[in-house]
Structures are given as structure tokens and as C-alpha cells.
Amino acid sequence: MDYAYYPGCSLESTGIEFHASTKAVAKELGINLIEIPDWNCCGASSAHARGHWISLALPARNMAIAEAAGLDVAIPCAACYARSKKVELEVTESEEAKEKIEEIIGRPYTGKSKARNLTEILHNDLGVDAIKAKVVKPLKGLKVLTYYGCLMSRPPEIACDDIEDPIMLDDIMTALGAEVLQWGFKTECCGGSLTACRPQVGLDMTKKIMDAAKKSGADCIVTACPMCHSNLDMRQDQLSKKYGAYNIPVYFVTEMMGVAMGMNPKDLCINRHFVEAESTLGKIGKTSEGGEA
Amino acid sequence: MERVGVFICHCGSNIGAVVDCARVAEAVRNYPGVAYSTDYKYMCSEPGQEMIQNAIKEHNLNRVVVASCSPRMHEKTFRACVEKVGMNPYMFEMANIREHCSWVHAGKNEEATEKAIDLVKMAVSKVCKNEVLQKGHAPVTKRALVVGGGIAGIQCALDIANNGYQVDILERTPSIGGKMSQIDKTFPTIDCSACILTPKMVEASSHPNIKLITFAELEKVEGYVGNFDVTIRSKARSVDMSKCTGCGTCMTKCPGKADDEFNMKLRKRTAIYTPFPQAIPNKPVIDRESCLKFKSRKEGKDVCGICAKMCPAGAIDYEQEDELFVEKYGAIVMATGYEQFDHSVYGEYGYGKYPDVISGLHFERLVNASGPTQGHIVRPSDHKEPKTVVMVKCVGSRDPEHGKSYCSRTCCMYTAKQATMIRDHCPDTKVYVFYMDVRTPGKLYDEFYNRTREEYGVDYIRGRVSKIYQEGEQLIVKGEDTLLGQQVEIAADLVILANAMIPNPDSEKMAQTVGIGYDKDGWFTESHPKLGPVETHTAGVFLAGACQGPKDIPDSVAQAGAAAVKVCALLSKDQLETEPTVSVVDTKLCSGCGLCVPVCPYKAITLETIQERKGGKTVERQVANVNSSLCQGCGACTVTCRSGSANLKHFTNAQILAEVDALCQTMQ
Amino acid sequence: MSNNAVENFEPKILVFACNWCTYAGADLAGTSRLQYPPNVRVLRVPCSCRVNPQFVLRAFQRGIDGVLVAGCHPGDCHYTTGNYYTRRRFLLITRMMDYMGIDSRRFHTRWISGAEGPKFQQVVTEMINEVKAIGPNDKFRDDAKIEVKAVETNE
Amino acid sequence: MSNIQNEMRAVAKELLESGKATVVLGWEKGTMPYDSTPVMIRSAADVDKLIWDEYCLQNLSTYLIDFINTEDKVAIFAKGCDTRAYNRLVHDRRINPKNSIVIGVPCSGMKNPKVAAKTPEGAEVPMANACKECRYPNPVACDQKIGSDVTPWCTAKDFSDVEAIEAMDADAKAAFWKEQYSKCIRCYACRNICPACNCTNCIFDQSASGWCSKDVNASENQFYGVTRAFHVAGRCIECGQCEAVCPSDIPIMLMNKKFIKDIDTLFGNYEAGLVTEGTTPLNSYQVADPEEFM
Amino acid sequence: MLLNEKQIQNEELNKEFLRRSGVDVSKCYQCGKCSAGCPVGDHMDIPTNKVMRLAQMGLIEDAMKSSAIWLCATCSTCTTRCPKGVDVARVMETLRIMAKEHGYVAEKNVDKFHSVWMTIVGTMGRMYEPGLIVGRNFSTGKILQDTQYGVPYIAKQKLKLVPYKCKNMDEIKSLIAKAEAMDREERGNK
């Protein structure tokens, strides 16, 4: 299984764990990720606030490079996925848009090369059974909440899963042996894009989600979006200072897969989280009676 | 030899002020076929009509053209006029020189006069090719079929029966009663639904003119107004109705269990069952899907049979099969009602997965004294009394993206009713209603709504709910109070959705079976939205109740009465007149290709085999045949027919071509 | 001189109107006294599906300047489905007329309901003005008759 | 070819001898090298008359109309287009499938004898126009088949000739058609050969009906041309026999193909003559058909 | 001011808005479901349905002045759940772009954030200051306009000390220039 790989800017910095764990897990599962040479920022967060064509042109270049190589693009980051998918749909649906975009980027891009969310590849292309087959250390006893955020589930034309009740992460986590709890915040926006400029607004949005997580009694949250991850993970100390302790580790789904496949947490960069994330892994395999605090 | 009389009407100054009527009369005087031509102030007046009648006699006219107003106005008048002096009414044509000429060309007298001359020439050319046509007659079967045994069907049948006509009620389920039997109370009077419905059910079942055909389906409808042949499938009841006394013993020990549809699956029922205690006929049926005996038979075994052992009358008959039979009717009333919209399409409301998010009809069963909770309002999940109830209106209604674009008309009122009932039953329970608009156009409806807020203290919040999710034992309802401009979240114990009314899932198929129209949502369409609300485009088929569109009980009952009157008017006739302006096939020309058959909206065309002599021997071949009672005269078949063998009487190819030629000749 | 002829040209336009919608719409235009040029002649048919394309061809052969076929809006047909067949037939015939070189402005199909008196007025007015601008129809015409007319004009 | 010819004779012999067929319709050699004309064989002794060569252009299915009321059991040889014609005729109930046996013959394209007659000796006679665009050289349905299937040389309909006319301006179009139809002598050969023109009584034979005049002039001829094209619209099986037999070389298929093209684009791709029941584009409709008449 | 006068004043803006958004705002029937589900709803100066209402009434200037359009996180919950199929998020986005161009920026910080982001992408080809740290700077240092973004944040070894710069910067710069030109062009004509 060969895919062009577009990590995107976040995975080189704040989402480094996602990058590391994706690469490790892909290797183990026989997914060959070929990083797009000299890729550029997809413009997520800002380009669409500036103009229609700029928001399409930036991701189009990466997609065009992949298309020249004849590969679909695996994109772990939900924001990059949404932006890349948008341009793919735009050129497939409108000949006029295709021509304009090709003119702007100076490369052919016909939409033949598809933008694929990494989670979708894991869930649909590879399949839950194939993942299950690689599990050596089932995540028994771990109560997890799956969190998809907005960019994986909306708008509907972009979504690769059910828009109101997505299940891909649930399926994968169940396959890993974890207990998936249900809550109402799977697709609620965490405000990640607002933390930078309107911190209080972002913080409030994060708080709602973390409050619900706390109430649910889950051990941790599992996500597939680096923006959500950095937001939920990093801002917990701020929340804790203001509103009392939270301390709920937030993992990338690939980190969890790596752990279940018996990899060293450090190789997956689990030691680089803001909320201490290694000790929670200690609950794995223990019966929940002792674990309940 | 055509002898056409032409009469140009001034219509006072309506025509005369613009069109030079005398000139028109003069211009066509020598036109081929014209034997007499004149003009007069008011052709439709008594002296005007006498003038026509006298001219027919004096000048031995055999065709008449009146140039005056629209034929939609006075065609009937003049047809009757010429008929009085023995002329066939179809030997008459009209030229419209008022609506289509003088009124729209004011001040252009010259051109308008020229145009009037053209129009008269066209009419003369046509009338020269008119043929004598006779209205047809068809006998009437003096019996009606009402399809659907809900309140609309029952009321309609009673009204027809009380007028002295036989009527059958065809009901798909084991009992008549319909949705009204599931409802606990009716708005705005809060009287008990069963208490007002049950007497009607009993009356229908005991009426000498009414026959109930329950647990049966409409299979096929053939024939035409006054003479329908309806094939009915009587489903295997597994109970011999003639032997069963309705004692109910059979149901006491039945081990087969199934979801109780009548109680919205809030509890189980036995496999041999009557839908509800007051069912009529109060004789059970065996649900073969859940019956242990029938299930075991599929596996080659044959177990149980307890009900047969219990039955003192020996009425249980496991070997019964569906039966098809054909009945004759003169009229059909469709009263097939509605279904409730399934809210599980809404992911944001939990895809129907939350047990404590229920529909309005669920609530009716919950609050009903003979319902699964003996009338105690409790949550389905844990049977606790809810302390906070949120009601959401317009679920599936007014939602073109995810549901239906229309307003379901009844929800505003039943939501208000249910809110007051909750407050009555559980005075400590807080009730919130999310709404977009409150629509209460009915007698005492708005007063009731206001009481709901003012006296019962129900909080109405204007805004649609965006999301409902489970948090612990409660449901969090996220909405917006658009009047405040603020988001609101309510932790509810029970959420009641006011689901839309939708047509029966097979309404489209049923409409096709009966041959009536239906709209994009599947509701049956009336013949005219204002002036033909209970008729359909198919003569002899009428509509009653919610099968035509969302309706509450009083509206359904009113429409049922209206449909009954139409039925009685039809059945009161011994014979029906049929229009002679129908299609006819010239079998000599017809090749029998059958292309015309599918285009007929009335299924009036069939291929039939005829015998003819050819080359000294008798051969058989197929030709198209138009049933003139079914044909409504649209002419679709005539254009499909390459050889011109299908023709429409009174609008024949030759007539239309003559008009075209007449118009074009004037251009030379 | 020929320019002059076109300027003074008063075309004749034949309207096939279905009894239930367009004919009623034209009646409504009348009762509402909505004025339009007197160049149209309405021929009543029960339904637009009664209009055989051969009628239209015949009119052009005989020298009509324009033809309008008009009926109920799809979905509103008095006979439920008639105008759906009209639509199919005349989508094709419109294109065939164009293919044969008959100016597409001379032949139209329109849906005009019984309530659309103003639309009837508007449609026929526009059509008359268009046909006036392009002059008399000389395509598809029966040659013999054109010649007769030519002789007349020469005189 | 000769292999097929041998097979033809063998099959015909077997059918006639066994009594499975009382008549076999095929082609025989005429006087000129380019004459391969229909032949009706009733005796096994005559099967050697049957030939198969590149001039077996004429469709035999239409002859079955004459047998609809006979006791005969008729076997016919049918090329791809002929089987579509056969289906058309069964669809129109003009022939009786129960008393006919269709022996499918894969075809590599035929030549038009009319063209051959005008071609100087020694020069290559081109493939018939309709055959050049044929997408169904193999029988679409038959009771038995001889020979082996050939690979179709066309996969999509070719409308370039129609598009060329469409691209002309109105005057040029009118002039073109007027010129073409001025040549028409109203011999009705196109109608008589057409498997879709199968009415027992054609309106053009009913002069009293008022539909048409007997006048032969460009206007009446065009009325005939458009009307006939409309009558076969959605039913034409593209055999091109109308054009092939036209003594005046009027490009009749340009009319038929115009309707085919518009039907495809407006109502969805339609292939006539593939089935023997159900509706055709002009006696059916979709509520969602294109709406241009608002 | 009279409503009709105000609408006349807004006529050109309204035309521009309708053209650029491509959204039929007349379909909105003010049910409020967009506002109800908005995760930022609490913080907006006017709720989403009022933005829709302003757009519907052609009062584009008022809509552009709101902070709501800047707080919108583009999560598209509104669009997804709209019963009338109105692309509410697109309305917000169009208003945001127009507000910037017409000089109405109610949320300067949000705007600056986008500007800085675009500047970095325009120079480096990639984001090299994660938005996360920018945010930190806002909340702690609040020195917005400065070149503070360049300060590398090395905690948890999550950042590269030396930022990556795309090799083919000429291509990216030309791409951005062309795209921006096209956006400008669309603004001006049609």
C-alpha cells in the first residue's frame, strides 16, 4: 500500500508525536508513506480568511506533486486534510476551477490524486481486522473517549465518516482492546483556531469539552487532529490553574496503536505531551476496580 | 353539405367598441360553408339565442359558430341553445373575440377586426369538419369502497351508509380505528379520544349498510367511474371469523412475543393478538412472523398450537391462506391516513438511539391509561418520572434538507396539548417547548396555546434545537433562544419530538394502483386545490383525511363528510353521462404497435385481438382499443400514433389542420 | 424598399393553447385587460400533448411566421402527465427546426398557467417583437405559395 | 466469408430437412457482382443458392412481416443491425417471434451496391456509410449463431456529421436541406426498407387524411423528411438502409442521427432495438427531464 | 436611519456579497439552529442567525462590523445542520474576507494572526511558528505586531530550532501572487 505522505506543518512541530507514531505504525502495518518532496503549507487556518483562490492554490501544489507521482495522499492532520480535500473536490466538480488552479500553480492537477485522511486509510483501506491482528498488548481496562473535532466531520462533502456520530476512531480503539465511552462532544469544535488570538474564547470552548470528559470518567481522550491535540493537551494546565485539576491525557490514535502493537512509548514521543501521558498507560491490563479513584 | 350559421356578438360595447362586428359578419358571409352570417348586441341574451334558433330553422343550418366571449364562459349556453332546436350540440363552435381580442387590443380597431375575422374563419373551418357526437351512458354500481378505516374512513362510510348506500371499509390492519385509537386525548377540548371514537367504530360495525373488510389490502383497481372492479387481498388471519366469538382465551397462554406496534413498541404483545382491547372486529389474528408454530414450520417442525387447544370455538385455523376476491363499486374513497416521520435521520438528535428521546405518538401511549405504563408519565429507560421535559417542534417538518418541506399542521396543537397533560399529571415537572412558530389557526386553538403558557406555565423558547446528547442519566438539549439572542442548554429527563406527518410508505404505489395523482412527498393530489379539495383527477375516486396532506381530526372528519356527499351524488344516479370527446382508434389503420398504450394516463387503451378477412382467410391481429368510459380526451395517444389511426373526437387531426390552414390561407 | 417592408411587417403567430391552463391564462389576460399586439391567433386544444409536431410543420409550410405551443406547467397537467410528453416531443422538435434552418425565435414552447395572464401577455409580446425583427418566414414554405405572394408584392 | 457461407448452407439444410423451418430467408447472388439479393428457400435442395459476401447489406427481418399470419416457420440470417431490426419489429408486434428462427451472423461491414455500381471498375468500393459507424456488428439476440464474433470497430456514436450541420448558420442549414429535399422524388424507398417504418397504413399513403399533399416540392418533401424522422425517433436502429437505398442520395441518416443525438443528451443514452418490450424515449418521460420551457 | 435608505446605501455591498458568497440567504427562515449549535455562540456580539438576518436584509455593512464573523471557527456545524441547506459558514467567510477588504475589522487580533500566518507562509513556504505559540504570545506577552513569532519554543523538544524553508520558494511566491491577483480580480469585476 503506497501513499504520498503529507505531514503538514503541525506534524513537524506541535504534533511531532503524530508524525512519529504515524510513521512507526504505518511501517508496522505495511503502509508505505512517501513524503511529498518539498511540500508547502496548505494554508489552513488563515488562507481561507484571505481569499478563495489562495485557499485552494496552496494545497493544490502538494496534490499536484502527488498526482505526478500517481499516488493518493495520506494526510494525518485533519485541517490539512480538509483543505486538500476541498481543492480535490473543486477541480473534479468544475472544469473552470481546475483550469484556474492549474494556471495559478503552474502544474497539472486533475483531481485524480485523492486527499485521504489517515484515519480513513487505517479504518477503510487497511481495515480494523488487520489492525487487530497486530495487537500484542491489548489496551484492556483503558476507558477512552474518542474526539474527532470539526475538521474531520464537517462540512459533509469533506467528511469521511458519519457527520454527527463518527465511528472510525471508536472502531479502531475497540480493536485495540480499549473500552470506548460515549459522550456528546465527539464532533464539537475545540476552538483551536481561536486560541492564538482570542485565548479566552478558545479556553472556554476547550473547557466545555474537558468538563464533559472529566464527567465521563474516562482515562484519556483519543484524537486524530494535531490542532485539537495541542489545544486540549497544552491548555489543560491553564484550565487547571483557573478551574481545578483536569489532567486527562490526550493521545493520537496512532500513539495508541503503537502502544498496543508493543512499541516503546518514547519512540512514539508519548513523553513529549504536556499532560503527563506515560503513567496512564500503566492502567493497561489492570482491572478497573483498583483504578477507579 | 355544410350550412354554417355565423353569429357575431357585440357583447354590448365589450366587443363592439373595438371590433367592427358588422364587418366581421360581412367578411365571412361568402366563406366556404357559410350559409348565414349576422351580428347582434348580445348573443347570449334570450333574444340573441332566439335569433340563433330561428336562423337554424329558417336557413336550414346544420352547424353554428358564435363569435363572442371565451368558450369557458358560454360554450355550454350555446350548446344548449342549438340543442333546443334539434341540432347536435357538438355541431357548434365558438370564436373567442372578447378575451382574446377586443379586451386585449383596445384602440387597435382595425387589427382587432382583422384578427376577429381570422378567428371566425378558423372556427368555421373547424365546424365544417365537426361530427355529430352523442354523450355516452354508463350504469352505476350503487356501492362505495372506503379504503382505510381510520376516523376519516369511518366517518365517510357512516355518512354514505346513512344516506342509504352500501359501503365497504377496507382496512389493512386487524382492526378499524386508525391513528385516532392510539391517541389519548384530543385538542383543544382534552376529551378522551377513545371515548369519542369507539362509539363510531361500533356504529360502523353494526350498521346494516356497512361491511368491514379488515386485515386486507387493495390489490388492483380496474374499471371506471360508476363501475370499478376492485381486487382485494384478504390476508390469512389464521382465525376463522365465523367461528371466533372474540372471547380472548387464545391470547392468554400464547408464548410467542413481538413488539406491540399499537403501543409504539413500548411493550410486547402475544403472537395471537388483537391490536387493542376495543378493537373492531374484536377477533384476533396470528402474527405469523412471531408465532412459534409458524416459525417452527419454516424449520420443518410443527410445535406449539396452544391457542388452538385453548380456543373453545375451534376457530383457530393454521392452514388459512390469503384470498383474492373481486368486488364491484361505483365510487372509491381513499382514506389511508398518515404515518409518523422517523426521527432517526437526525444524527444531532442521536439517530433515534437515546431511549428517552421519544416521539409524540410514543407519548400518547405513555400517557394513556390503558397504555404500557397505565398512564403514568415515565421515562422509557428507567421508568422514573421525568422532572424536566423538553419538547421539540418541527422535527422533520419545514426541513427540506433532512425531512419534509411542509408544515405538518397538527404539531403545534398536539405539543401544547401534551405539555398541559404533563403539567396535569406531574405538577412538579418543568416543561420547555422549542418552536419556530406557533401556528394555531383553529377554533379555540390559539386560546388553548396561550393557556398552555399562561396557566400551565410551560416555557416556550423560540429556536430550533441544534443537538441533543446523553450525559449521564440526562439529556442535554442545546438550543438558541432567538428572542434573547442567547444559547440555551437544558438538562432534560425526557425529550418529546413533535415528528412530522408523512404519507403511508406505499402511498405512491397505492396511488398508481388506483390511478390517482400524488405529489412529491407522496400525498394524494386533489383535482383542484381550492375548488376540488375532495375530488381526484380520476372520476369516481375521492379523498378523505390525512392521505391528502397533514390534517387534524376535525378537518379529517369534515373532509370525510364532504367526500361522502360527492359519493352519494354519484351513487344517486342510475346512469352516468360520459363526454363523447374521447379518443377513438381506426382499426383499419392501426398496426397494433402498442406505443400508445403506456402514454394513456387513464389506462384506457388496451390491445385487443380482432379477426379480419385477409387473402381469403380469417386472420387475427392486435389493434389498440380505447375504453371510452375511461378516456378523458387529452389526446396524448394521437401524437404517439404514427399512422394517425388514433384520433380525438371533436379535436380531430382533420379539424386542427383545417384551422391551421384557415389561418394561413388568410396570409396569402 | 425591402427594409420598409420589414418595418411594416405584421407577423402572424399561431398559439396552440391547452384548454385548462394557457387558454385560461389568455382569458385572464383578457379579463385583466392586459394589452398585447394583435398578431396572435389562439387555437384551443384539450392538452398540449394533443399538439402533433406535424401541425406545427404544416403551419410553417403554409407560411405562418411563428408558432407557440403552450400548456400547463409540468406537474399541473389536467390530465396528470400530458405535458411531460409535450416536453419530450418539443425539446426534440425545437432542435430539429433549428437544424432545418428555421430561426429558433419563430418556434417556442412555454408553460403558462391559468393564473399567468401577465405571463401570456409577456410571452406573446416578446415573441411578436422578435419575429417582427427577423421578418417574414421564408423557410420550409410551400414554394408555390411564396411565388404567388411575390407576384402580389411586385404589383 | 466462405466458411460462414458453408455454415449458412449447412444450417439451412438442417432446418429445412428437420422441418424446424419451412422457409429460410438469406441472400443469393444476382446478376452483377455487387448484387446480393434476398432469397426465400423452401427446399433443402436449394440451399446452395445461399451466399454470404460483402454485399449482403439488405436486412431480411422486415420480410417476416409478410409471414405474421402464415403457418410457416421462417428462419432468417441476421447481421447485428438485422437483429436490432428484428427486435424493433417484435417490439412493434409486427412479426411473430414464435414462428421465426433468427440465425445470427457476425458481420465485418457491408458495401452499398448503389455505390459499387457507380465505382469505376478496379477501384475499391468503400464500406457502406452506416457500417462505418456500426457498434453492433454481432447479433444482439438470436436463436442460434454461426461464425465467431468480430470486434466492433466503433464503440461510441459518431455525431461529427450532425455537428457539422449544427455549426452552420440558419440560412446555410435551410439551403442545405432545401437542396437535399429538392432531389426527393417521393419514391418512399426509404420508408419501405425501414424496419421502424412498419405501419400497415402509412399516413403518407392516406392522402385523404389531410396530413400531406401529393405535391413533390421541397416544402412537402421536407415535411415528409422531418415527419418520417420524428416517427422513427427513439426507434431508429441505425442500419442506414434508408440512405443506402435512396436513389437521390439524400443524407437521411443525418436526420435520424440528429434525433438520436438529442435523445441521448436530453433523456440519457438510449440504444434502440436491444429489447422487445418496455417504453421508448417518446412514449415515456421522466419528471426530471430537462426543463427549457419555463 | 430609515431601513429602506440603509438598504439602498448597502446595495453595492449586497450585490458583491451575493456574488462572492454564492449563497441564497433568502432561504433562511430564522429558526436559530445555526446559533444554537455554534461552539463560539457564547462569545459572539451578535448570534449567527442575526448575521444571517443582516445578510438577508442586505445590511452588509452592519454584518461586516460584527465581531461574530471573526470569532467563527469555521467548524461548519451551522451549515451541516441547517434545515434549509444554507451554507452559513460560507456566509461568515465571505463577510470576513469582505470586511478585511472594506476596512472593517472588528477583531484586530484575529486579523493580525491571519496576516502573520500568511507572511510566514509567503517567506518560508511552511508554517514555522505554530499557531499554538503565537497564541501563547498573545495571552502572555501580548506583543502582537512584533517579530516575537520568531522566538523558538523548545519545550518538550517539539520545535525544530532551524525552520524549514521550501527549496522552491520562487514557485510558491509566484503561486501566491497569482492566486491573490485572481482573488483581487474577482473582487473587482463581474
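Lettered A, B, C, D and E in written order, each chain numbered from 1.
The rule we apply is simple: a contact is a pair of C-beta atoms (placed from the backbone, for glycine too) under 8 Å apart; a residue touches a chain by one contact, two chains touch by 3 or more.
Every value quoted in this text rests on a predicted model; they were computed, and no experiment measured them.
Common neighbours of chain B and chain E (chains touching each): A.
The fewest steps needed to get from chain A to chain D, moving only between touching chains, is 2. Shared contact partners of chain B and chain C comprise D. Distance from the centre of chain E peaks at D, each centre being the average of the chain's Cα atoms.
The leading chain pair by number of C-beta pairs in contact is A-E. Using the mean of the Cα atoms as each chain's centre, the chain most removed from chain C is A.
Comparing per-chain C-alpha centres with the mean over every protein C-alpha atom, the closest match is chain B.
Centres computed as Cα averages put chain D at a distance of 64 Å from chain E.
If each chain is reduced to the centroid of its CA atoms, chain B and chain D end up 47 Å from each other. Averaging C-alpha coordinates per chain places the centre of chain C 36 Å away from that of chain D. Contact with two or more other chains is made by residues 348, 467, 599, 640, 653, 657 of chain B. In chain D, 211, 282-283 are the positions where the chain touches two or more neighbouring chains simultaneously. Residue positions 53, 58, 81, 85, 89 of chain C each touch two or more of the other chains.
Here, these are the chain pairs in contact: A-B, A-E, B-C, B-D, B-E, C-D. Residues 10, 12, 14, 19, 23-24, 26-27, 29-31, 33-39, 41-47, 49-53, 55, 58-59, 62-64, 78-82, 85, 89, 121, 145, 148-149 of chain C are the ones that touch chain B when the two sit in their complex. Put simply, chain A touches chain B in their complex at residues 162-165, 182-185, 212, 215.
Of all the residues in chain B, the ones that touch chain C in their complex are 70-72, 96, 98-101, 103-106, 108, 111-112, 114-115, 118-119, 122, 517, 537, 581, 599, 601, 632-636, 638-640, 648, 651, 653, 656-657, 659-661, 663-668.
Contact residues of chain A toward chain E in the complex are 9-10, 12-14, 16, 38-41, 43, 45-54, 56-58, 61, 100, 103-106, 150-151, 154-156, 163-164, 187-189, 191-202, 204-205, 208, 227, 230-231, 234, 272-274. Those residues of chain E that touch chain A in the shared complex are 20, 39-40, 42-43, 71, 73-77, 79-80, 87, 89, 93, 96-97, 100, 107, 109-110, 112-114, 117-118, 121, 125-128, 130-132, 134-135, 138-139, 156-160, 164, 166-168, 171-172, 174-176, 178-180, 182-183, 186.
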